[in-house]
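You will see two complexes here that share subunit A, one where it goes with subunit B and one where it goes with subunit C.
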Partner chain A sequence: MLRYLALRLGRAALTIVLVVTFAFVVLRLSGDPAVIIMSPEAPQAAIEAFRHAWGLDQPIWVQYIDYFSAIAHGELGQSFRDGRPAIDLVAERIPATLWLTIPALCLKLLIGIPAGIHAALHRNSLTDRVVMAGAVAGFTVPSFVLGLMLVLLFSVELGWLPSGGQGSWQAGILPVITLGFGGAGILARFTRSAMLEVLGQPYIRTASAKGVPWARVVRGHALPNAAIPTVTIVGFMVGSLIAGAVVVESVFSWPGVGRLLVVAVSNRDLAVVQCILLLVATTMVVSNLIVDLLYGVLDPRLRGGRS
Partner chain B sequence: MTSLTRRHALALAAASSTLPHFAIAQSDTRPTITVAVQKVANTNTLNQLREQSNVGERTSGIVTERLIDLDWLNGAKPRPGLASEWRRIDDSTVELSLRPGVICHNGQEFTAEDVAFSFSAEAMFGETTPDAMGRIMPDTGRRIIGVGSKALPPEIPPVARRMFPSLARVDVIDKYTVRFINATPDVTLEGRIAATGAEVFSRKGYQDAASWLDFARKPVGTGPYKVREFNPDNSLILDAHDAYWGGRPPIKTLRFVEVPEVSSRINGLLSGEYQFACDIPPDQIASVESHAGFEIVGGSIYNIRITDFDQTNPILANPKVRMAFAHAIDRKAIIDSLWAGRTTVPKGLQFEYYGDMLINDWTAPEYDPAKSKALLKEAGYKGDVIPYRLLNNYYTNQVATSQVLVEMWNQVGLNVEIGMVENWTQIRDRSHVRGVRDWSAGSAFSDPVGCIVSQFGPNGSAQSALEYKNDELNKLCVDIQTSTDRPARKKMFRRILEIAEREDPAYTVLHQNGAFTAKRRDIAWKAYPSFVMDFRASNWG
Partner chain C sequence: MSASLADRKAASTPPDLVEIRDLVVTFGDQPAVRGLDLTLRRGEALGIVGESGCGKSVTWLAALGLLPPTATVEGSVRLAGQELLGAAPATLDTLRGGRIAIIFQDPTSSLNPVHRVGTQVREALRLHRGMDHRAAAAEALRLFDLVGIPDSRRRVDLYPHELSGGQNQRVMIAMALAGQPDVLIADEPTTALDATIQAQILELLQKVQRETGMALVLISHDLGVVAELCQRVGVMYAGRMVEMAEASQLFAHPLHPYTKGLLAALPDLSGPRRRLVPIQGSVPEPGAMPAGCAFMPRCPDQQRQCTALPALRELAPAHHVACVRAPIMRAAP
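Entry: the complex of A and B
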């Protein structure tokens, strides 16, 4: 088990290093933060002064080494735009994002899983078709389209809810629904498929033939075995809690990590982008690690296979 | 008999304690106004020298003000601001009399000491020196802004020196009188004092701030509104400065909120959350005005969209090819189709508010496809590709305009190919052949030096990017900055226009830029021909 954990952690660290390196190279080669932040109309002397102050006049490999040695010392750098530590800027935005993504995750779980199970247990019925139509709509309608439709209906036409911002708790309702609806559709589809596959297995037929009540067959045999693909998807959803609302935050003018990422990328504010990427990669890796461990809990046969 | 219990007594006490507050709230019936904007500030500061952007200009004059104001609704003529009057002492000195009794946001009186400090090395010029007109002196310090640091960001002094290249010092004559003393003669000094970037502020407010950044986010000025809270990339919340010298501000709380999506800004306006929505593209005008209670205000502003030519491109090296570009553009068709006819074709790269420096008989190149074809024939153009690097709607209507332009150019035989890029570094990248690109130009102050000279002269962005150079134009740009002979300066300006727009074109003008703001129809507020928004009592109700 320890060897397994060490291997997983090693891979996780490598993934993070690769993500950060890729982002560093792409961002630094595709735009000069000095020109972008200061506007192209700034005098050349001002742009050069900015580059010099931030070490952007150094060769890119020197900047790369400087960056990684700073990380090794626990420093994630400072924002080019205001000189504050990047981690402070990101940390300020995390609560706003979690304020959307955690309720949205709950919504996904509360709607998606029961809907998928119900559809599978009533395969080819009208309910199944309605649930699946809703699920397909959920993950095919882009979130910015759904968000704008909700705003038109509930804000502009009915005047019930705010159209954006973070002024009140009601302002979070539409973005949470927008985020939750798509994810619920995905979960419903996966849960239904997994349930249908399990319900067709010989051990389900055997349990039914032995006279075990159907509800107990579903609870005791079908659900645990169908949980593995669903847990995988939920793992990805948990991993994207930090930066999984980029589009929705823009549509609803929600000041979270997603909007910070968009602004930081467009300004080539390298330290901030890297800090967010590090957080996202770490969350995703940890979440996947937990999912891997859960596999073993859900299905004891998988424990031996991994060690 | 009714007995008074302890609970009743507490309730009465609580109720009575609310009475005075209620009375105060009743006395201040001014509204809270929310303005939805695409961006509050690019640099997340309210310092105009650092901001250098159209969006930043919007809040100029709201928190901090300039000594000389501009009367935007009257040809942007200079008018008294914090200075009640000003006079020339000699070719290089301007004396200004300050309004007495102006109160800063920190409650202190605004005096000549504050003016001198605002234009000091400590707050503006750093280590730069005023020893060369038209030449920007670099700042040598390697420092970054940050928490706790009072040092100027390194880019501020060069920007300040571009605005005031020869300002030697500001002398305090008495409590309400200052003198701006230039190292060289300069007839544009009053214009520079009236320009965005020349805002003044409280010396004590600056010194009390924990860092340069803190002050840049919460400047202590004299404007009609003071900063309560600035949340970077999110919102700017301002409170009325009731001691404002220009009269009690009409709005109790003024909020600027960032709403990046156009549709979200419009939806928020229609649903009543915002009272103003800025940066509305022209194609949304009809949609907004289809709702009875809303209207679009604004129109052409003192900013001109242009197409820049890269002289170093082997094809564009021939001025005849560049003029063929200029004559192939049907500017009126672009305005009618993409701007709903709400803007105009400028008289070249100059502005009405240049006053006696305006070359009235100058025009944009006429639309003449036959002339373009003839010029291309004379130039021996063989149809080789000319690249056109394009940003995705950095300017309003940019992509649509570029597509129309390419078709117009194709009509006369120019083979122009659009290449989408993401930022200005990629636009300027010299590792691949450059051709034409988009640009917009405003005038920092009411003189050609504020636009064509600073944009295309020796220190301009075109020459810095190694796109353009003309020795005669460069000499004229230096002369026009130092000459005090007004008729001679006007002749120089005409010659600069002849070179930059006809003989050896650096660019060709397209149209006046436009800025549109959607608002509730029942709010009596006027938009200026500028990005500036004025929420003083004189422009409200």
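Entry: the complex of A and C
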């Protein structure tokens, strides 16, 4: 168990290092922050001074090592723009993002899982088709299209809800629906196919054959098995609580982490981008770890007993 | 079966335990069972043999209402006079596992992987014998001992993946016995197991059948096994019963050319067992069944009258055959 945990943690750390390295390389090769921040017309001397101040005149591998040793000391760097610690900039945006993503996650779970179960139990019925059509729409319609459509309908046409900003709780409704709808569709499809797979298993037939009433077969025999694959996708959704709203935050000009990321990338604000990526990678990795532990709880075959 | 025979039976013997009449099962437009007649008497061991795909499993799954909704089932299946086809779900739930139990070919995938084996047996005890948790736990242990699971106290708390295939089949048998059924259907219960374990499981089935007095339906590819365990044997071909008789009678005097072919393909009943070696040719595709006798294309003795569908007739005492040529062939040496 300890070895397993150590292995998992090692892999998790490696994932984070790779993500951060990738971001570092891409951002540094795709444009010079000094030029972007100072504007291309700035005097050469000023640009040089900026580069020197931020260590951008060092060879890239020196910058890379400096960056990592800083992280190792808990130092995530400062924004090129205003010199504030990147971590503060990011941290103050997190609540706004969670205000969208947590209600959206609840929406996904509360709609997606029951809809998927229902569709599987009533395969090819009208409800199954409605649920599946909704699910397909949910994950083929890009969220910015859905978001804009909702804004057109409820803000522009009907005038019921604000189209953006964070002034009131009503402002959150459309972005939450936009986020939740697609996710609910994905989850419904996933749950449905997991349930269908399980319902076709011989042990379900055994349960019926020993006289277990159907409702109990579903609750006691099918659902605990179908939960195992479903946990994967739910874990993925939990892992994207921080970064899953980039597009929607932009559409609704919601001042969350996602919008900060978009702005920071276009400014080549290295420290901020990397701080966000570090945060995103960490949430992903942590939720992955939780999923792994949950597997062990749900599936006795993965508890490492004798075989 | 002729009317006069049915009358005679009703007068002289108690009603049969299971009576299947003209069972037809279709998947889409593919027939799997095409008008099957069968009777099972109380307490007897009945063997069902036939090539793969002839409808042995589907027959009993249909009887218990365990087929997926894609199957259409017609005809009649009576358990001690009570019609099972189209019975209310609540009725079926009390009968299944309570009066009629079934075990399957692959015991490990037939047990729920996320529940302990003891829990799965206790569930049947609670459903059919109204036991509370403590009584069910004690009874489950007794059943585990009965079916020969060693170290039962520890094993009730294991999961199916922690037991061997043979032990899982014993768990399945314990689960089937939990409801004290009148009949146990064993659908190729040993096919997925090692040879030595196969013999043990068959011995166990024979033992529990004798001790409990329940009827046993043993579906098997193995004529040798059937000859050893069963008093009566039914031979199925392409979704129909083609011959049914006392085991001794069937093996000594097979009347249907298909049965004859099966027996001829056996080296020696006392020799090493082997699976059925099919007669030359193959079973017609479900979509391309001949209108008459389905065995005609492979039959060494086909005649013009074989284009009519042969009914299952009693040609010798308790010996039923579905072949229009059978009486003639029997007369010839």
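Annotations
FYI, the second predicted complex is superposed on the first by the 304 of 307 C-alpha atoms of A that agree within 3 Å, B and C clash if a C-alpha of one lies under 4 Å from a C-alpha of the other, contacts with A are read in each partner's own complex, and residues count from 1 in each chain.
Simple rule for what comes next: contacts are C-beta pairs under 8 Å (C-beta built on N, C-alpha and C of every residue); 3 or more make two chains touch, one makes a residue touch a chain.
Fair warning: this is a prediction, and the values are worked out from it, not measured in the lab.
If you put the two complexes together on subunit A, you find that subunit B and subunit C both fit without a clash. Set side by side, subunit B and subunit C differ in how many residues of subunit A they touch, and the one touching more is B.
Using the contact criterion defined above for the overlaid structures, shared-chain residue A:101 touches neither subunit B nor subunit C, since it reaches no partner. Of the two partner chains placed by superposition, only subunit C is touched by A:221; subunit B is not.
Of the two partner chains, subunit C is the only one that A:300 touches; subunit B does not reach it. Residue contacts after overlaying the shared chain place A:36 against subunit B, while subunit C stays out of touching range. Once the two complexes are laid over each other on the shared chain, residue contacts for A:207 go to subunit C alone; subunit B is not touched. Closest contact between subunit B and subunit C, by C-alpha atoms in the overlaid model: 50 Å. In the superposition on chain A, none of the residues of subunit A is touched both by subunit B in one structure and by subunit C in the other.
Considering their complex, residues 30-32, 35-50, 52-54, 78, 81-84, 144, 148, 151-152, 155-156, 159, 162-166, 250-253, 255, 259-260, 262-263, 266-268 of subunit A touch subunit B. On subunit A, the positions that touch subunit C within their shared complex are 200-203, 205-214, 220-221, 224-225, 228, 298-301, 305-307.
Those residues of subunit C lying in contact with subunit A across their complex are 61, 64, 66, 68, 89-90, 92-98, 101-102, 104, 106, 109-115, 123-124, 127-128, 158-159, 161-162, 172, 175-176, 178-179.
Those residues of subunit B that touch subunit A in the complex are listed here as 42-45, 50, 52-53, 136-139, 141-147, 149, 153-159, 161-162, 213, 231-234, 257-261, 263-264, 267-268, 270-273, 422-428, 455, 459, 461, 464.
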